[in-house]
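Next come two complexes, and both contain chain A; in the first it sits with chain B, in the second with chain C.
Here is the complex of A and B:
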């Protein structure tokens, strides 16, 4: 057993446990996009970032890939972690704003602005579908292709794969495939909380089929982003 | 290769060219005149319409089929046969068969890192990674196609498309970028009419951009073929392309049926002009004396017909007309005909075994004629 400290709590976990598993086991929530139980950890989305103390120095690591080590001090929700996650979510919003999962997380973390060049990618290259296809479906029909800017996921030569059984596992795990609700607004980088229009909760019944991220509805709590003191 | 050669009966039957224009010579005349009778460039060939005996033409390089010369007209000395009809002119690499893949896999084994080694070997054999070969590797090793494709697209070294005989890489690193490398790429794109990563239609040159060649102080850097060009400006692009193309030409001479060695004698004293002591293009050179103004020097020609390579002792200005003479009898080589390229006078030389070759005396002109129907001996 390995003894470590998570958010000041002494815990002992089995060898080989990742920080994500240990934290979730204790009930500390860590958001993830590229992690699904049963698939190998990959560390692509960086949303599960936590702060660890190593040799009296603090460092940010992805909890899904970092194994628990003896005497490690972990903080899953320090201000540094939160601000890092907000930045990561902002970057994800810049590339793939139509994903419901990303919008949900951004909303949960109070990301109210997106300062980067807006793109509308279909894919955040988290590799969940590739791992699903290989590890759970034993097919290896899709994989990563190319490098750097030209990296993409798909079949060889972009042709229908002969090993694909059209199981749909790739779409099931995809964090970008589930589209967000845009209500009656044009697509904007951040879910503008359309329900924030008054009256927020009286007409709630009308939005039942909207797959709204805010459950329970907190629309009336959400305000437009207000610059902090000294911020322009 | 030679045993499959069936040009003469095919040309004689004339059935393959039923749609020829009437003013062109008949296949029988072609054979008599030594005109490339099976060239697919029948309609636009200017040599043909002039009825000239031409064994090598510039337009030929555009023709998909090799120009075939009948056996009866081939000189009797060590000539290379022409490839069979379906084969391209010795440039196309053979397709990889299952046995070849087996052999490669056998050589590389299946230890760590075998996959990249196997792909490297396939690429060097075929010039690129054919889909068929990748599928064969996948089948034989059980490695999924996705992995092979992923590796093939990840590394810049690998190419899924056939590549040109030569690659021009334009550095796009930071130092080269600020010194105007993007403008260079535009110029290459304009002159080659291809985008980076593409190959010209004639399969000669592949244009590429690279991120850094590690010689930033010399930037912008362009690698053309095996040569590095430093501090390149857009104005030098044409020159680079010319050099790369020429380089590819000398490399292609070997095995190219349009280039064959000839041996020549002085038409005046009948002494052999061949100099086995100095090889050009891998064959004994032709030694002559060239006079330009007051200056007299020994020059050496390539004895490969069609190569046009010349070595001078001292520089002679381009386009200057020289007087060629025999180094043994000192007689001036003067002919009656004029160069088909520039109209200057030509120097006649006797071909051993019968025939007359005439070369243009103007420096830099590659104009020449060859007539093997004349019997001087």
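Here is the complex of A and C:
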């Protein structure tokens, strides 16, 4: 067992436990975007940043990837952590404002301004879909390619993948494209409350058959509820 | 050459290769590294060979093709041994004359290097200030060794350290020697090499352990590792062999970027020759010690210089860093313990064991021992590779070795550590060069890039350039590094175009600090350094860009205004109209023999008129 201190509480956890697991076990909330239980930790979104102190030096690390080590002191919500998370959320809002998950996190952290040039991207490259495809579906149909600005996710050579079983697992875990908030306007990227729910996948031809293989189909579900809305 | 089966065989070969009269016959030394070849060294070699054969001088005059000597400003150069006469910028015609003069034993005064201050010719390389102030422990070997002939390296004392270690030293003893020498990793972070080896040696060896030489040198303007790999590959092989003996490693990798074709070729030749002689592979020199090295070619991603990304790249995966701990010392290539050292660190190992830790410590300062190679480039008179003892001041490097500013424009700053480093302003040039002092000044030692900037350099432009490099080279795994560098570049671009505000500047600073704190690997954590460093020392330049909409160095073109001095235009240029014809926007009007003028409302600030005017009539404000 490894003994460490999280927010002043003494904890002992098993070897191999990450700081995120230990903190959540104690009930300290840590937000995540690129972490899903059952998939290997990746550390891409940096939202789960916490402050650790080792050898009387403090630094920020991602709790989802950092293993618990003996004598470590962790703070999950210090002012340094909060300001870093706010900036990361502001960056996320600036590139991907249509994700409900990001909007919700931003409002939870009180991010009320976005000072960068607004972009409307569909993907934050968190890699959940890649890991889902590889680790849970054993398909490895999609992967990362390129680096820096040119990084993207897709099938090899953008051809229809032979190993893809159109299971839709990639879409299920996606924090950016699944629940979309399209209400926000260009001049006000922070919506605060989600009024409009429509899956973006409907507009994408590539995923048409993927959608149909899902049961029940998300698109159909929304259509089902639409008349109900009208009746009200 | 026959395979060496015992240490005695090696000693016999050594005495055969270095006869007592060695160094007596005059030898023409021509460097033929990538940089020399680019400036025409291959032609010189051809002519030298033709002249030697034609004049029947073979056997009376030697010819040695070596790696880079370091004085890149004066390439292609020729060195005549044993006197050490140095001929800079040799042309094809002069090469024949040099061969002829060597046969007569005279020095050609008119071809010698002239001191820029006094104008007097200097005959010997060691009297030239560029060489005289250096301590050339590593680079000095480049002059003596032909990288494609293992014999020249052995004759210069090469593999002696290895044979001594194999003959009767314990692994602990070797690690103790390295620890005592105080050698710190030359890759940038300055981790004590002896300590790393000790930790590595204590790792279990049941499934194999790996040594890696990190030769993925990607900083813009830095090429120290290339010079060592091309010029003296055997020193790295020897270093790695000693490292493997001391730590019990089973296999070595040299990770070289594919952009260094000559380095890969020379290193491959060196590996083949060492294997053939029995200095590499199974049962080295007949002892029980076995070790082999493979070359892994990198695809030129800057991030693969980071050790965890490098390991993934060697494994054949995408070059992406991962969280440390676990450190590569515990879990590296294929999950096995791996120790990674820089090219220059490996090249220092045989030197330490040959000379002894005490003598190595004597150079440099306490805590930062030995020498460090810098690639001195930028707005300076003598560019090239310089090897200086640690603790030398920046002023000494810039003024004494570098020869001071080019064209008399005062030097403003020195950028160290490449895109991860920072700028040191001229008023801090008394700072000694060491890992700790540079870090305290807000920069880093890095792997040894040193870019000199003069008053004509705009610091916003410098920060923008490095940020643009980082934005392209970020692997993109972690969001803060990928988007953070893009956003910082965006704000810097706006500042350089005069479209920014002070709020944007404070946002830039805030983002830079958080990107440094929250990024995953060294690349992201150091990417904001150029922004933070230039803001620390040159904030007034940023303010001038934002408030006055002016670039003090006139580099950011969008902030310049162009006008034509009517007197110069008519009196000197007779209204030639070259600027009018060059202007893509037809913003310049005027007739022959009359002053031309620029319509500011049409001017696109491209600066073409400035280059078109031969009379300096265009004034930039």
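As a working rule, the second predicted complex is superposed on the first by the 181 of 232 C-alpha atoms of A that agree within 3 Å, B and C clash if a C-alpha of one lies under 4 Å from a C-alpha of the other, contacts with A are read in each partner's own complex, and residues count from 1 in each chain.
Assume a residue touches a chain if its C-beta (ideal position, glycine included) is under 8 Å from a C-beta of that chain, and two chains touch if they have at least 3 such contacts.
Nothing here was measured: the structure is a model prediction, and the numbers come from that model.
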item: First (chain B), second (chain C), both or neither touched by A:155; value: first
item: Per-residue contact with chain A, leading partner among chain C and chain B; value: C
item: Partner chain(s) touched by A:147 [first = chain B, second = chain C, both, neither]; value: both
item: Touched partner set for A:60, first chain B, second chain C, both or neither; value: second
item: Partner chain in contact with A:113 - chain B first, chain C second, else both or neither; value: neither
item: Touched partner set for A:165, first chain B, second chain C, both or neither; value: neither
item: Touched partner set for A:69, first chain B, second chain C, both or neither; value: second
item: Residues of chain A that lie at the interface with chain B and also at the interface with chain C; value: 144, 146-147
item: Chain B contact footprint on chain A (complex, rising order); value: 140-147, 155-157, 161, 163
item: Residue ranges of chain B touching chain A (in the complex, touch as defined); value: 131, 134, 144-150, 153-155
item: Chain A partner contacts - residues on chain C that touch it in the complex; value: 301, 303, 318-319, 322-323, 325-326, 471-480, 482-487, 490, 503-504, 507, 510-511, 514, 517-520
item: Chain C partner contacts - residues on chain A that touch it in the complex; value: 42-46, 49, 59-62, 65-67, 69, 80, 83-84, 87-88, 91-92, 94-95, 115-117, 124-127, 144, 146-151
